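In order of appearance the chains are A, B, C and D, and numbering begins at 1 in each one.
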Amino acid sequence: MHRYIIKRVLMLIPIIIGVSFIVFFMMDMAEGNALDLIGLDFSEEKLAELYHQYGYDRSVFYRYLLYIKNLFHGSLGTSIIYKKDVLDLYLQRLPATLKLASASVLVAVVLSIPLGIRAATHHGSLTDNASMVLALVGLSMPNYWLGLMLAVLFAQKLHWLPSSGDLNGIWSLILPAITVGTGLMATMTRTTRSSMLDVIRQDYLRTARAKGVPEKRVINVHALRNALIPIITVVGTEMGKALGGAVVTENVFAWPGVGRLIIEAVNQRDTATVTGCIILTAVMISIVQLIVDILYAFVDPRLRAEYSTGGQRSRRKTGPRAAALGLAGKEGAVA
Amino acid sequence: MKKRSVVVLVSLLGAAMVLAACGGVAVAADYEEHIVVAIDTKPTNFEPSGNDSSVLNRLVYDELINYNKVTKELEPALAVKWEWVGDEATVLHLDLREGVVFHNGNAFTAADVAYTLSTNVNANIANYYDHCDIQGDYSVNVVLKAPNADFVNLLTNTLYAGVKDKESCEADPDNGSAIGTGPWKLDLEHTIPGDTIELLVNDKYWGAVPTAKRLTLRYIDSASSRLLALQNREVHAMMSVGETDVEAVKADPALEFKSGSGVGPAKYYFLAFNMMNGAAKDNLYLRQAIARAIDNEDVILAVGDEEAEVSDGAMWGYDAPYRASASDFKTDLSYNLDEAKALVEKAKKEAGGALPELHLISNTSKSINMNHCLVIQEACRKIGVNVVIDETDGAGVNAKTKFNAGGYDMIMHNIPLETWPTGVNRLMVKGNGSNNRALLANEDVEKKLFQATASSDPAVRDKLYKEVQVYVHDNAIYVPSYYGSRNGAQLAGVEGIVWANDGYPEFTYATFKK
Amino acid sequence: MSGRQKTLAAPAHRGRSAGGELWHRFKKNKGAMLGLLILIVLIGVALTVDFWLDQELVIGQNLREKLQQPNAKHWFGTDEMGRDLFWRTVYGTRFSMAIGFVAVIISAIIGVPLGAVAGYYGGKLETLIMRFTDIFSAIPSILMAIAIVSLLGRNTVNLMLAVGIAAVPQFTRVTRAAVLTVKNAEFVEAARALGKTDAYIIFVHILPNCLSPIIVQVTLRVAGAIISASSLSFLGIGIKPPTPEWGSLLTAGKTYIMGHSYLCLFPGLAIMLTVLAFNMVGDGLRDAMDPRLKD
Amino acid sequence: MIEKRQDMNASRAPAVEGNILEVRDLTVHFVTEDETVQAVSNISITLKKGEILGLVGETGAGKTTTALAILNLVPVPPGVVKSGSIRVCGKDVLNAPVRELEQIRGSDVSMIFQDPMTSLNPVFTVGDQIAESVMMHDKCSKAEAWERAEEMLELVGIPRERAYEYPHQFSGGMKQRVVIAIALSCNPKLLLADEPTTALDVTIQAQVLDLMCDLKEKFDTSMIFITHDLGIIAEICDRVAVMYAGRIIEEGTLEEIFNHTKHPYTEGLFNSLPNIEDRTAKLRPIPGLMPDPTKLPKGCAFAPRCPYARPECIETPQEPKYFSDTHFALCSAYSEPGFRIDREEV
């Protein structure tokens, strides 16, 4: 198992380099640069000096090599806009993003899994149909729009909840978490339901019933445990996405998260910040993915066996599953 | 003394401020200790000459000289006395205030002035500043490269003239410049750059110490979200009420609408042509046609600014000196659709057939800019000129205008009329900014502007500045639109905020009665 | 359950073609049929709106009538430039639909061949493609799209490109997974034995046989693309004015949401309805194409 | 789970002492939107302690449904028990409250399913799966249950250490042994074996059958053995019931069915077996297919394939014809004196 983990961690290196390459070049070659933005009123001498300092008087390749060199020394560079180490910037924004991500995933998990199970066990019932229609609607709603409407209703009209920022503790969290959580909930309810429906038809549940296992236990232990893999996959994917910052929701609720930092940095052509934050996001997503893979092993002994024999093959094995899930779940929201 | 002058002003405004003006008087318990305000531009770093955040700089730093926007007088701040040495405006002598300390406890001396000026990145200062002759701890001569009669005024600008601590800057290149002498100190530990700025009161401030203990600046980019936060009492005050929300704010008894302190409009909005390589640079008729096709009343309706006034063509702010008046102009560029159509025909002849499609850029992340652009587009459509709005953000605008790569033909832009003379300066100083591009394409104009700066004779300046304005107007290089207002809102019970009409309210002495 | 299941599994209705069978099963799904109906109307509007809707109604400004609440004359009210929001929303169908479809076609054109090649050839080529896909999808897709628009500049075509390119990895993955399931089938072996070229085998034998997951993916991704595009518009990276795309209607409306929330309500509902219709049709197609997957 | 039955009279029939299982007039339908499948029609089964009943029939004859009904596990929907009563050890299965039902399952009656590959939960160790059953019924500690589970494994010929392994680590035959171990772990009085050997290799089949016979001897369990393999029936059963299209069309002792076959369908079954002694003999398969279970005739469902069928066969409901106390056939042909089928002569 630990060899598998090491292998996965090592696989981060090409991802980091690949991501840095793509993002750095896209940002750097975009029209304008951060120096021009902040240097609007700078004197020409000072600006030239800064151009030299950040390598803007050389080619983009030079700047990229400089960036990679720093990267190997463990530095993600300095933001031109914020005049601050990118890692510091990221870490300052991370708590808010983590908070929002875990709150929304938590809300979604707590509500959607029981709902999905109920829909599956009462297949064709009113509960089932209603929850599926709701899930579909939830999936079809642009989440920024939902956020706006929630803010208008609960903050403007009712004055129940704060509308922006992260200064009022748990109260601040509620609206953003519901906004992000709705899409997740829709996806997870659908996944749970279809996965449970798959499992509910399995012979081993009949075996369990035949030996006198109470229905509750049949569903919540025997069936759920088997249905967990796709559910975990979706939770992992969504958690990963949420860690990249719920860009749009953060924008709606002025949430001081990573997503808003990145998007504003894109608008300011802050190459170092964008590249650094996206690398860190990719790393975070990979870590979540790794945790998910390890969870697979806990849930499914067959996969556990494969991890100990070799990581590469087992990854392949889970790949198509996740891909098939892409079909089942995540067609709606972007962020 | 900027802060002190504010105290004077504020004390006129309310009894609460009288209390604050007494300095160390114990704070009454029924005042909120923690004030939160929503701001519309985000301070991203703590370099007073380069962070483009007047609001923050006013709180954390002091300038050498203060400009009182109400009395329009210069007042002592960190410098208690200033005078030009000799006839030419090249050597400025300053006597500094004694006993002032920075937030870290370091004493403020002439070395800090020299350091602040020599490391200043802003073109206004850096293009003229040469060196300092330090004559004592509290006495210094600032030597300029070329004569600049406006230099004293430049030293008042909160956008770039805040004084830094030399010692801390040299010790800590990253955060050293976050140390100032102002009434509020940055709480870097709790500050999230680009989102939330946390400030703690500076008990050792040389002027009046604010009543509140904590001040939080929250960056909320959308006006509606800011207002929502205010209505929801998440913040005590907000900058820039959205144009359609003004009515709602005025109608809400819990809120107070605030607009300028009677010094006139805050910004001059205009359409400028790219005279370096834009498609209309050689076609005067086309420029004039567009100028005459735009109904500025429509523009004002579209941007929804109730206090806006149609520009009379002068580029200078309102009651500023050296301002050209309508009678100085030789060409009529007022709205007249028939004239515009006739001009378009001439323009077609000039262009030898079809007119080019014109690319209009603007920082459209602000809705008033967007709406303004839409009116221009519609006006041009009516006279058969096709306009493409290149939606772009600040970085895009700067990139396109800086390099003049021909990526645009017109720009819809604005300049803050930061009251005399800095607004003028933004137009005339050869920086990298976008506003002056159209002008600087003309060597003659450029020469006149520099001559005016160097001269301290008001008559010479008046003549040169007016000539520039007339040239720009008559050639339809700048198409004037309107003078717009800046505003804000606060909860009823909030006192002490100075809603200066340059768009940069001063939150230093904000209080809120519980 | 085996014994009973076998008797229950109704014998395939004889005398129906594969398409007919698909339609028969699809037809039974009420939600999918409703979705299809909505889509037909929307696509109809999108295709014909240019012929019957006066442009003046859509882009002509009437500042004296700006920001009117919904009323008998202006069903959805008027926007900040006094334009009728109803007609702008109707006209916006054209752009939102076009963006959705074109973006997905772009991602399919890139993603499907990549996935097919990766699945078919395997080995180093597959590793290379899939690694690249991994790297690509490690960047959250909305950030990817934003970066692409920043690089290429803001206009409709680039918006489509950005949304399309950001969704390529999904197509690559789905196609590869589907190709893997059929690449060793007898008919492929047979084609190989007959000496057909690889390209011929991939495009003539393999891809048509893994169409169903791809078609389902396409339908669902159009919905996703419409949301993505409108999100980008919402963040201010949208389509050029005065074009009334739904996302940019929302962006403009956002400014006035405090007093004029209807400006956001209607375009938002339009997006939701369209996406819902695509999702319903997508779900219906998936169930009809692969009864095994049916919930 | 079961819909209220329409025929309450059947359930009031008194339980006969000593009978482990009494099924009376059981009718199960599967109702979907479009059609109704008459899976089981009006069957009655009685089983004494220690007895093994072979339930024979083609695929789809309703054997598995009957077994599931005895456990009250007919999936609802679409399953509907239209009428009938089932008593296991005197307990009314169809009307038992859920709690009692869960007690009956596993301890009074348990079932071995057809496909060992899918009958075990892949995410639990086999020990867990056996122990769970023990814990459910014997109310013992986990450790005791595990001890019992390991014993059961040894009993079915699997080393006890393997209790900690997962199903995927076992071969098919081994899995079937585990399934048997689960079924027998609580000493059920009645065991329903649903084609327990069909999915296995021939050699493994024999082993599993031997094992089942041994265990049956050991615990004196009654058993219903469902299969379509007449060879296995001959090997282990005391009595045989032949099912066709949801009905028991002939029932009797092993000897009666094998040597005094009465029903033309049973005859057909025997005739379709290859004759090992005479390899040149032609196979005589039953012509035609099972009727569509959604459109069963009023009368004999076998009539369309029956070489002896008369026109009225298909229309008139069949009455059982008793040939002895234990032997009956559902064939109206016997109302005609002198009717015989070919095989009896053999």
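Quick note on the criterion: a residue touches a chain if its C-beta (ideal position, glycine included) is under 8 Å from a C-beta of that chain, and two chains touch if they have at least 3 such contacts.
These numbers were taken from a predicted model, which means no experiment stands behind them.
Visitor: What chain is most central when centres are computed from CA atoms?
Guide: Smallest centre-to-centre distance to the global C-alpha mean: chain A.
Visitor: From the C-alpha centres, identify the chain that is farthest from subunit A.
Guide: Max centre-to-centre separation from subunit A belongs to D.
Visitor: In whole angstrom, how far does the Cα centroid of subunit A sit from the Cα centroid of subunit B?
Guide: 40
Visitor: Once you find the CA centre of subunit A and the CA centre of subunit C, what distance in Å lies between them?
Guide: Distance between chain centres: 22 Å.
Visitor: Just how far, in Å, is the C-alpha centre of subunit D from the one of subunit B?
Guide: 91
Visitor: Between subunit C and subunit D, what's the gap in Å when you average each chain's C-alpha atoms?
Guide: Subunit C and subunit D have C-alpha centres separated by 52 Å.
Visitor: By the touch rule stated above, which residues of subunit C touch at least two different other chains?
Guide: Within subunit C, the residues that touch at least two other chains are 1, 254, 257-258.
Visitor: Using the touch rule from the top of the page, what residues of subunit D touch 2 or more other chains?
Guide: 115, in rising order.
Visitor: Provide the list of subunit B residues touching at least two other chains, using ranges where the numbers run on.
Guide: Only 222, 228, 365, 393 qualify.
Visitor: Over in the complex, which subunit A residues touch subunit B? Could you list them?
Guide: The contact residues of subunit A facing subunit B are 31-34, 36-47, 81-85, 89, 92-93, 151, 155-156, 159, 162-165, 167-168, 251-254, 256, 260-261, 264, 267-269.
Visitor: Flag every residue of subunit B that touches subunit A in the complex, lowest number first.
Guide: Within the complex, subunit B touches subunit A at residues 36, 42, 44-47, 50, 52, 121-127, 159-160, 174, 192-196, 216, 218-222, 225, 228-229, 231-232, 234, 365, 393-396, 398-400, 402, 407, 426, 430-434.
Visitor: Could you please specify the touching residues of subunit A with respect to subunit C in the complex?
Guide: 14-15, 18-19, 22-23, 26-27, 29-31, 123, 132-133, 136-137, 139-142, 144-145, 148-149, 152, 156, 193-194, 197, 201, 203, 206, 241, 244-245, 247-248, 251, 259, 262-263, 266-267, 269, 274, 278, 281-282, 285-286, 319-320, 322-324, 326-328, 330-335
Visitor: Which stretch or stretches of subunit C touch subunit A in the complex?
Guide: 1, 31, 131-132, 134-136, 138-143, 146-148, 150-151, 153, 170, 173-174, 176-177, 180, 213, 216-217, 220-221, 223-224, 227-228, 230-231, 234-235, 250, 254, 257-258, 261, 264-265, 268, 271-273, 275-276, 279-280, 282-283, 286, 293, 295
Visitor: For subunit A, which residues count as touching subunit D in their complex?
Guide: 124, 202-215, 222, 225-226, 299-302, 305
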